[in-house]
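Presented sequentially are two complexes of chain A, the first with chain B as partner and the second with chain C.
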Partner chain A sequence: MIPNIHWNLISLETTITAVLALFILLDILIGKTQKDWMGNLSLVALFAMILMWFRGDHIWGQMFSGMYIVDSLAWFFKGFFLLTMFFVLVMTQQFFRSLEQRKDEFYLLLWLALLGMLLIASSADFLLLFISIEILTVSLYVMTAYLKRDKHSIEAGMKYLILGALASGLFLYGISFLYGAAHSTRFVVIQQFVADQPTNPMLLFGFVLIFSAIGFKIASVPFHLWVPDVYQGAPTPVTALLSVGSKAAGFVILLRLLFGVFAPLHDHLTLILAILSAVTMCYGNLAAIPQKNIKRLLGYSSIGHAGYLLMGAAAGSTLGAAAITFYLLGYLFTNLGAFLVIVLYFVVSKNDEISDYSGLSQRSPLLACALFLALMSLAGIPPMAGFFGKFSLFIAAVQNGLVWLAFVGAANVIISLYYYLMVVKRIYIDPPISAYPISVSWPVRLTLWLAMAGMIGIGIFQGPFLDIALAAVKGMF
Partner chain B sequence: MPGLSHYLILSGILFSIGLVGVTTSRNVLKILLSLELLLNAANLSFVAFSRYNGDYTGQLVVFFVMLVAAAEVAIGLAIVVLMYRNAKTIQADDLKELRW
Partner chain C sequence: MFTLGPLTGILLYPIIGIILIFLTPRDKTSWIRGISNTAVFLSFVTSLWVFFHYDSASGGYQFVDHIPWVVPLGISYHVGVDGINSVLVLLQGFCSFAGVLVTRSIKERVKEYYLLYLMLIIGVYGVFMSLDLFFLYFFYEMAVMPVYLLIGVWGSSDKEYATMKLTLYLTGGAVLAFIALLSFYNGVGLGTFDLVAIQQHLTVHPLSPQLQNWIFPVIVVGFGVIVTLWPFYTWSPIGYAAAPTSVSMLHAGVLKKLGAYAILRLGIQMMPEAAQTWMPWVATLAVLNILYCGLISLTQRDLKFILGYSSCSHMGYILLGLACLNTIGLNGVVFLMFAHGIMAALGFALVGTFYDQTHTRNLDELGGLAKRMPFVTTCFTMTAMASAGLPGFANFVAEVMILLGAWDKYRWQAVLAVLGIVVTAVYMLKAVRLVFQGPLPAKWNHVNDAKTVFQRLPYALLILVLLVVGFWPSLILKNIEAGTRPILEQLERSADIEQRITFRKTE
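Right after this comes the complex of A and B.
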């Protein structure tokens, strides 16, 4: 008997595959042109997919004998990744305006990365999870080293590849031990096995290796070493994708494993996760202080944010998981807004040094305002999205008896405020390095407004967004 | 007659060699070779578990891993070529432009 396959569950992924095939074909037919047809077509295809995402809501199910599942968490994060892709596409179009290099392959790689992220959100089997992580990271390696005449880009690509491949080696070796213990790679089977024999040594060994690999993805201490270099060297749209898409993908895996497969072990992990969270926060925020390059600064700040997010994982409650989801949603608008400004400024100045941002407010009030709001949201100033996200993470930690962790978090907010405000001072108080105003085209303006609306809207109207986050994680408990 | 533990010990040794290679090698090509060792150590343990558990999933996984390893190494080598063209070196120590 042929099993009944519900193709609408996998409609987004099939669409991406079709788009990729179409683009490869069109690329051959059209050849080299000055027009950025692939970027515009990508945006159209992405809007179609976002509509499909809205239509497909609340149709849950599983495919391929339980290897691929669609539940509320998967669907929420699929929407999350589509939105990330929108911002990154806009950035890519702007970024490559200033460069000589061919960019068509870049769009193909972006779509491939999106495919990987969407599959990660739906994985319910370690084999599928491994392959989708590889689809994501392998396309990220190529994109990181994409500027082939820029030695920073190549160096970042090489470093990312070596450490990323090391992480996937650890991950795979870990999976092999889970498979050896539980006789299956399926999440449900392993979850049953963990509940039966939580102290099986092979299981624990595999668990430790897998969590090191996830630590690499979310950029938590002690697996953070790649972050500053890769963030600085990679083309800015890739940095944005790494800081939001790749990190969120890591957290989906973390949520699925920590609150699903390895849930019986969670009581023993609370302290370890809390310590990791505290160390990650402190490291990220303290190391960000002396930075002179804005992408590197945001790299360290992204390590700090991984620390805040781990707080929710340490709490381990429904609220903790919902707080992670909510925080990531705010982080999407905030961080992508900041990176969009960095891209637009790079197009003009060809530079990412913070000293070059002097007097940005006089050259472009819109860019200055967007960057100011984004930095305030990253620091966690009310009424921005970052404030309420941190607040809910702190509440989740306190509710589960981790009061000290909430204090460490609060101290880190103050530290981070210092280096974010140093950038703000440059933008608003220092004299401009050049008197030329920076012009921003209207589609990009709209995107900037959307990012700002997201940062402020999620911060002010927290209720509906927190409900969305709670609904997304509800299925796991 | 070798048992499961023998295969696992061998794969553990391979994995350790890989880890040491990645962390201590200066030459980028050597690092890529060591990364291959890591993945192949995992492959060996998959196949061993598959044989002794009497379940074929493990052998299936190995095919996918070989594919992934090939893709990873192809990209790695491409980046090494770019690195050589730009900096005329393939020593990992020379990757030091990015730091504060």
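Right after this comes the complex of A and C.
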């Protein structure tokens, strides 16, 4: 029997497959050129997909007998990943300008990673979920080690591969337990089973294994050990993708599992999640203090942010889920803005040391301003997006009786402010290391403006964006 | 649609100013100065208008603008002023206008300076007129970003250490208070951040004592950090010493009062029962503030450190007044917030006039400046007198009110607080003597006075305010009374309830 396919539900995924096929073909036909045609064409294709995303809004449904669903959450995160892809593409174009390396495969891998992320957002079956995660992670392994003459990149790829493979193994092992208990890998069936027998040991064991694998994706303690080295060694666009795309993908899965499949267990999980959240943010923020490399610093800080986000998961309410979604949206503009500055500065200085950022404000006011705003948003200072994100996470925690967790979060805001301000000090207060101004081309300038507008706009006009976040998660409650 | 009143205008002029400056090329410094001065002037004039048009007979919140902002969480853009706010908005009007005029002395990275300075001004105005808990905090924390850079980039001496210390202390206090406020919001259970709605609700259903008893002290300590509540004052003198003139003016003059205002509005008004329990502790700390910081000030050799410790010491009177919880005490607090704000801004502004030329503030190196700058000397001597509480200046009225208020409740604290005035007189007069009197060292022969009318305007304006209010206190007192009346009624009601409970117990 031919399955009944609703093309509009998988339009984005189909387009990516077509783009990939086209690129492979064109690559063979055109061969090696100096021109970055693939990057420009990628941007065109991505804009077309973003238009499709806007047109396809509010058409929900499911396919392949419930394996693949499109609901408000899936659609929101598909848009999220497309926007992430846009920033990462711009970064990639800039990043490879300075390197003598073929970059066409890199674009193919990026598209493949995007395909994985889009599928993750729509997975309603553990098998499909596993396959989508693998599509994403395998392309990330290769991209991390892409700079094959740079030993840090190779080391990062290796570490990521080994630990990632371990996480995948745990995930599969967990699925087998769930299947053993519930005789299915469908989310709906397992959800029913959880509601009937919440204390089934096989189920719980499977859940713990799966949760560990997700912990690896979102970089929560104690599954965070890969983060600093991989963030530092990977090409910067990949680091950006890891810190935003891959982390958000982890949180989509977490939202679907905690608030959907395993929702009946949530009351038993609150304390564990709260402790994980507290430990994760303390670890990430404290370990970020002595860092000398900006990518490593942001790596540790991203562990800290995973901790804040887990606060919403621990709260477990609609507001908690919406707060996670809102926070991620602000985090997208903020972190990708920061990484774009890092890429642009790397092209000039060939270096990611924080000491090299001295006096950036006098060499390029725009880059300095963008990085400053991004760091303030990460620290959670109004009127930036990060403030309202933290605000809603804290409210969610307090409303669910986790006042102590909110206090831990508050302490972490101060710790993180310290190391972010140390970078700000470099940028604005210290004398410049060279008087040579940095020029930024117009398209990139516009992208930076977009990132800044996102940070400030979401931070000041929080209402509409919180409504979007609430609409995205309301399907689960 | 929504019609927007004068208060939104006060916020909007600097915002428009920021946008215009952003679009101006960075080498057109005179345009940038012109835009900022105009924007701040417009806000200042509007704040004057608001103050004089506030109807103190009917009281309550006036000039209210209300726009729903984040509906699911009950956040709205809600601004308005009652008697207290109208006085504090006026204070910010005077200080920011004088501050932006003094900013003339900034010569490098002018564009960034004005952008950040306007942002700081918006934040402070915002706190004083927000009737929404969320926006109050939003504006309060907004000051962090500009202040760090303003001190760090344009400051002097130990600026990097000072600005980091100041930022971390203030943010630390703020987030502490923030969690308490969220618990408060959650405890009220209305699902709204609207202060007016919460206030009305609380008059009928006060918050449970257990909740009040931990939230109140956390709020007092959290916001107390910025009022330099002892022992959290160490960020302040070093921060002011490092800050550029116009930032120390705003910080010492107005930002410190934000904390006192928040304690009054969010602590005492919302949780009167806990206030009765906890405020005696604050009264004791306040005396430590007055004497401890005053004595430190005696030993300082840097003029800005003297003024910095002096302002920490004077915050003790504000805290003591808050602890009184009676009519005359609370009125005195708001009065002193105004008077001390103007006086502190004036003091730091005057130090700036000669520091820009001598590049030292050390008492041992200065001297005899009266010969070169008679105008500044006159102003500074008057500031010193005002600071020491000489009759005729606004500070005298305020301090007398607070001491009278404290006399009944805190007898020995009041006696010690009077001692503080003597200490103030000693270090202020010593400063006047060492800086302006005596022989003039030859190296200061190039120092020039503030000559033109435009240069003298900020100082003259602030002195005038101190004198006018000093001789005619009822000018601002009638507004203040209209503002404190509901708070006092709330306090009386809670005291009644307490008495009834104890009465029943004894029966």
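As a working rule, the second predicted complex is superposed on the first by the 473 of 477 C-alpha atoms of A that agree within 3 Å, B and C clash if a C-alpha of one lies under 4 Å from a C-alpha of the other, contacts with A are read in each partner's own complex, and residues count from 1 in each chain.
We adopt the following convention: contacts are C-beta pairs under 8 Å (C-beta built on N, C-alpha and C of every residue); 3 or more make two chains touch, one makes a residue touch a chain.
Small disclaimer: the values here were computed from a predicted structure and weren't measured.
Taking chain B and chain C in turn and counting the residues of chain A each one touches, the greater count comes from B.
Once the two complexes are laid over each other on the shared chain, residue contacts for A:Leu466 go to chain C alone; chain B is not touched. Once chain A of one complex is fitted onto chain A of the other, the partner contacts of A:Ser349 are absent, as it touches neither chain B nor chain C. With both structures placed on the common chain, the touch criterion links A:Ile395 to chain C but leaves chain B unconnected.
Once chain A of one complex is fitted onto chain A of the other, the partner contacts of A:Ile154 are limited to chain B, with no touch recorded for chain C.
Legend: residue contacts after superposition of the two complexes on their common chain; A:Tyr141 is shown touching chain B, with no touch to chain C. In the complex of the two chains, the chain C residues touching chain A come out as 26, 68-73, 75, 112, 134, 138-139, 141-142, 144-145, 148-149, 152-153, 159-160, 164, 167-168, 171-172, 175-176, 178-179, 182-183, 185-186. Considering their complex, residues 127, 130-131, 134, 138, 141-142, 145, 148-149, 151-152, 154-159, 161-162, 165-166, 168-170, 172-173, 175-177, 179-180, 183-185, 228-229, 232-233, 290-293, 296 of chain A touch chain B. For chain B in complex with chain A, the residues that touch the partner chain are 11, 15, 18, 22, 28, 31-32, 35, 38-39, 41-42, 45-46, 48-49, 53, 55, 57-58, 60-61, 64-65, 68, 71-72, 75-76, 78-80, 82-83, 86-87, 92, 95, 97-100. On chain A, the positions that touch chain C within their shared complex are 319, 361, 365, 376, 381-383, 387, 391-392, 394-395, 398-399, 403, 406-407, 410-411, 413-414, 417-418, 421, 424-425, 428-429, 462-463, 466-467, 470.
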